[in-house]
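Listed after this line are the structures, all set down as structure tokens.
Both complexes shown next keep chain A, but they swap its partner, so chain B is in the first and chain C is in the second.
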Partner chain A sequence: MNWKRSLVAFAAGLPFVALLAFGMTRDPNQIPTSMPGQDAPTFTLPVLNAADTVSLARHAGEVVVLNFWASWCVPCRIEHPVLLQAASRYADSDVHFYGVVYQDTEDNAQRWLNQLGQGYPSLLDPGSRTAVDYALTGVPETYIIDRQGKVVFHRAQPITDLAEFIQLIEAARAGTLGPGGASS
Partner chain B sequence: MLRLIGLASVAAAFAIAIFGIVAAVVAVKRRDAGLMRSARAAVYTNFVLMSVSNLAMITALLTHDFSIDYVAQVGSRATPAYITVISLWSALEGSILFWGWVLSAYTAGAIWFARQRAGALGAYATATMLFVGGFFYLLLLGPASPWGLVSPVPPDGPGPNPLLQNHWLMGVHPPLLYLGYVGFTVPFGFAVGALLSGQLDDTWVRLSRKWTLAAWTFLSLAIVAGMWWSYDVLGWGGYWAWDPVENASFLPWLTATAFLHSVMVEERRGMLRAWNMSLVVATFLLTILGTTITRSGILSSVHAFAEGPIGLFFISFMAITLLGSLILLAGRAGELRGEARLDRMASRETVFLFNNLILTAFTFTVLLGTLFPLVAEAARGVKVTVGAPYFNSMTIPLCVALLFLVGVGPALPWKGVEARELKTRFLVPGIGLLVATALALLAGVRGGWGLAAFAFAGFALVTNVREYVTATLARRRAVGGGFLGALTGVVRANPRRYGGFLAHIGLVLIAIGITASSIFRLDREVTLRGGESVAIHDYVVRFDQLRAEQEPHKVVVYAQLTAFTADGEELGRMYPALNYYEMRGGEPITTPAVRSRLDEDLYINLLAFEQNGANATLHVIIEPLVAWIWIGTGVVALGALISLLGGRGRRPAPIRVPTRPAQLGSRPRPVEVS
Partner chain C sequence: MTIRGSSPYAALRAAVARATVPVAAAVTLAGATSVTLAVAAAVALAGAPLGAQESPVHAEGNVIQVPEETQLERDVRSLSSQLRCVVCQGLSLQDSPSELAQEMRGIVREQLAAGRSQEEVKDYFVSKYGEWVLMEPKREGFNLAVYILPMVMLFGGAGFVLFKARQWSTPAPAPADGAAQGR
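Moving on to the complex of A and B:
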């Protein structure tokens, strides 16, 4: 045995173990975000498979739920039914749901929606500009924008708990969803 | 009672594992053969104990003993008996229990076969494998105990995860995966045994090669069974999504495949000895890493099991095995120096080197993509996801290069050929390459990678099939008889070689299936009223009616469809369905209807329906040549089986290199005669 080399190899392996240990201290689904509390970046984006555009300005004074997704994203499949249920509950209200397609082809996105159900419009984001504006870190991520046009909620993990999600939307509607503690 | 039996067996197994480790180590120090026999007895006893514990759990599941935590978690009175048995591995605790059983069986088998000829190496290997086993027994006693007491006893349980209940492959995929994953403990044990004992000749390779091949075969089958299941159940018409758990099963497969090739270089030429040892250790570590990632909640994945204190146990175990292996490998690297050099570029050794290079690059690519989110967060505090686009763009070139090597390798002999001979060796495969390219162009393939994949597939198919044909014809000329008899004779004479070529042929079939089904996939979504039809490709699909059936533990809603050819010839009924599991509530699980043929699959998924049955929304997909992925896997497994079963006692002849001045530090090797 060459103990000197062993020591070097041991030292070389430590960072890897440290990385895993670091992973243990983290909730893989939790993300630091600076978005809540800031003015929601404005956008005007074309609607997927429709000759229409949507701009955030149109919904001034209303609540907007923005969900970034992609057809290649597996967790998006899990949260989609929950989003659909929430959206159907707020049909014809002052809460508006939009999907934003992230890094995907229109065909694949449309096919995905046909397969999993389409309850609200999805927007195209050429060059991912809006995604960058919203400091997107991956998909799926969901933002709630309140009546004052501020981001009051940002979650970088699938929305799976319908009741909790409805509560958050209600709080945003009532203006009681403050920035800071609300993000997760 | 069952609870007590199960718990006591695991507790005893843990104690006996510790005794066995101490006994094996002391036996080496004192050269005490009697003590070594006790260490081996500990291994066999543990197999018996783990069998008892697993059978106790299966009995508890079958008798619906809901006072036991695990049974209350996954059992249900309405679940059929077969599903109840396989729910043994449907959740974390049960899967660890099953893991412990498989590991104890592997360890007992490996130690039994090695008992006569391993010496100190065998003793340390015994201790190593018992150490790994002891870790799993510890999990079963602590954070992953399935034996917790539930009070008050619930009258019924929720039944296992619906995804497990829905397809026969779920009875096959998990045990195959465990047989693969756990099997790599054996070569790891022998490698560590060699490193600890300093017995660094190729004894450990001989002891572990077949176990590695067996584990590799199980893992290959498991990965493809998982793909097939995903294709048949998840309803998206695909079979691979680069999910962390899929990657976790793929990583050790890559390193094990590299080992199975490079070990031949060691056997023949005495080269790559430290490298082979590293590959075996890496394979084992990757199985543990995969388990750590998916069981500890480090990365999120659809497959991930519940999080809990178990993560800490896994990471500690990972740290011990990783750092321990690094210390041993680095410390012994100097003594593992090879004795030969490459003679020519155009030789089989070179191809194996490139094969290993690409497989290693492949491993790093997948590992990086899987762990990158963690690295990015640690380094910059930001979360990123790495999706299919990264993996596809990075790995497709590597796959194509591997396919090329599968064609080149068998055509080149050991120690290489002269340049002028290359032409004759590659003339026929070259024609195969051109024919395949022409066929692909005619079929409408235009992308560069797609064309390259088909071209090299044709090339590799020809070289590997040609090995069979030329050898069989030569044998027929020599000994006469029928073609089939000569073929059998050829395979019998060298099963490792011809099993390997057969595995290559299977791999080429898989590659063709994957490439064709990715490039030529067609799909459409339609909503049909009763009696309406949709035409797609060469098919017409008519929606006849919607039906629902109440089964004991689920409600099945299915569409009755009739498929026709474009000419109106009836092909048969198809029944895509949605399953609603009562106890689990919520989302339906799809059962696509698949009409699988050798040329293409007609794949239909029921997406939605009107409650009154007036219409159904269908996703109709045409996927060419998908069946060849499953067939190819069967061929790979058959090839591996031939390699495994044949050739007992026969060893490949080492190729002696013309005498060179001995290198400093190299040790004399015994001359091998076979």
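Moving on to the complex of A and C:
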């Protein structure tokens, strides 16, 4: 085989190798999300065990952290202390934390909160309409909505690093957290 | 992905909901009650003549009526088959018993009932989850490679095999006299 044939074989095989490399270096469980950069879907949801509702419109011009969770979700248990610490740091500020109970009973959700601590209101999502609006694929998932009402961060994994999470919230407050690279 | 649970009752509910013939579904369920069996037997004996091949549910004089599937339900089923269940592995909304898939089917039904077209409902889910949510990628742009490449490879491979087969079946030319003498 002369060098020309080798070159042709190499050129023909290269796209296939590239395709395999692309496919095999991706996590098949990682579901793509297109939420960062989009306007945050509006909602008005009832508060768990309270005769009140919360509307996203109430927080126009402020930063909102939205965490979807369930009492049957083990990783939610792991991230909850980190979220509580972050929420206590931003108490009485322009950053508002809300949990959204995902496919759970009110009793189980309240029992879970009594056991692990409740630092911010949790909302009920009948029919999972808000979950689908936010392109949820499971729990836990966390979103940060900036002052312009855009989703600037979406993570479909537990939040375990408090320092990193605080940095993300600070960036959202400063308006420097763009959608690029914010999703994980 | 983390814990993507769904209640076992959801699977049972979905299985019953998917059954098109209620009597058959009831009998299939393990532990069917004697009342159900009695109803099924009565339907079979009262309605159809001996040896009839017609389903007892469709025979004349039946007590049990199978509701006609509405156009809306047909559209919901068709569209749900084209959308991916986001908490499953390779299942469509139609085939998935998970609670989220049921909720998403509910959204499909709501939007179609509100007068939105199938394409508009599809676009809603694509705007949320990206094109990944479609069971089949759209036939446009880079996606065309998925449809075209297999054909290219098939015909290219067949052409290569034919070319090689011809080469092997053609006898090698005899060496020229002059060249043979010169050696």
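By definition in this document, the second predicted complex is superposed on the first by the 153 of 184 C-alpha atoms of A that agree within 3 Å, B and C clash if a C-alpha of one lies under 4 Å from a C-alpha of the other, contacts with A are read in each partner's own complex, and residues count from 1 in each chain.
Methods note: contacts are C-beta pairs under 8 Å (C-beta built on N, C-alpha and C of every residue); 3 or more make two chains touch, one makes a residue touch a chain.
If you're wondering where the values come from, they're calculated on a predicted model, not measured in any experiment.
K.L.:
If you tally the residues of chain A touched by each partner, is the higher count for chain B or for chain C?
P.N.:
After superposition, B is the partner touching more of chain A.
K.L.:
Just checking: does A:Asn2 make contact with chain B only, chain C only, both, or neither of them? Give me first, second, both or neither.
P.N.:
First partner only, chain B.
K.L.:
Of the two partner chains, chain B (first) and chain C (second), which one does A:Gly127 touch, if any: first, second, both, or neither?
P.N.:
Second partner only, chain C.
K.L.:
Identify the partner contact of A:Gly175: answer first if only chain B is touched, second if only chain C is, both if each is, neither if none is.
P.N.:
In the superposed model, A:Gly175 contacts neither chain B nor chain C.
K.L.:
Between chain B (first) and chain C (second), which does A:Ala156 come into contact with in this model arrangement: first, second, both, or neither?
P.N.:
both
K.L.:
Kindly classify A:Pro75 by the partners it touches after superposition: chain B alone (first), chain C alone (second), both, or neither?
P.N.:
In the superposition, A:Pro75 contacts both chain B and chain C.
K.L.:
Between chain B and chain C, whom does A:Val139 touch in the aligned arrangement: first, second, both, or neither?
P.N.:
A:Val139: touches chain B and chain C.
K.L.:
Give one of first, second, both or neither to describe whether A:Met35 is in contact with chain B, with chain C, with both, or with none.
P.N.:
In the superposed model, A:Met35 contacts chain C only, not chain B.
K.L.:
With the two structures laid over each other on chain A, which partner does A:Phe10 touch: chain B (first), chain C (second), both, or neither?
P.N.:
In the superposed model, A:Phe10 contacts chain B only, not chain C.
K.L.:
Starting from the residues of chain A touching chain B, keep only those that also touch chain C in the other complex, and list them.
P.N.:
Residues common to the chain A contacts of chain C and of chain B are 29, 31-32, 72-75, 103, 137-139, 156-157, listed in rising order.
K.L.:
Which stretch or stretches of chain C touch chain A in the complex?
P.N.:
Checking each residue of chain C against chain A gives 1-6, 86-87, 99-100, 103-104, 106-107, 127-130, 132.
K.L.:
Would you tell me which residues of chain B are touching chain A in their complex?
P.N.:
Against chain A, chain B makes touches at 235-236, 241, 243, 292, 296-300, 302, 311-312, 315, 318-319, 322-323, 326-334, 371, 373-375, 377-378, 381-385, 387-389, 523, 525, 587, 605, 607-608, 617, 619.
K.L.:
If you look only at chain A, which of its residues touch chain C in the complex?
P.N.:
Touch residues, chain A against chain C: 29-35, 38, 72-75, 103, 127-129, 131-140, 156-158.
K.L.:
Per the contact definition, I'd like the list of chain A residues that touch chain B in the complex.
P.N.:
Interface residues on chain A, with respect to chain B: 1-3, 5-10, 12-14, 16-17, 19-24, 26-29, 31-32, 70, 72-75, 78, 81, 103, 111, 114-117, 137-139, 156-157.
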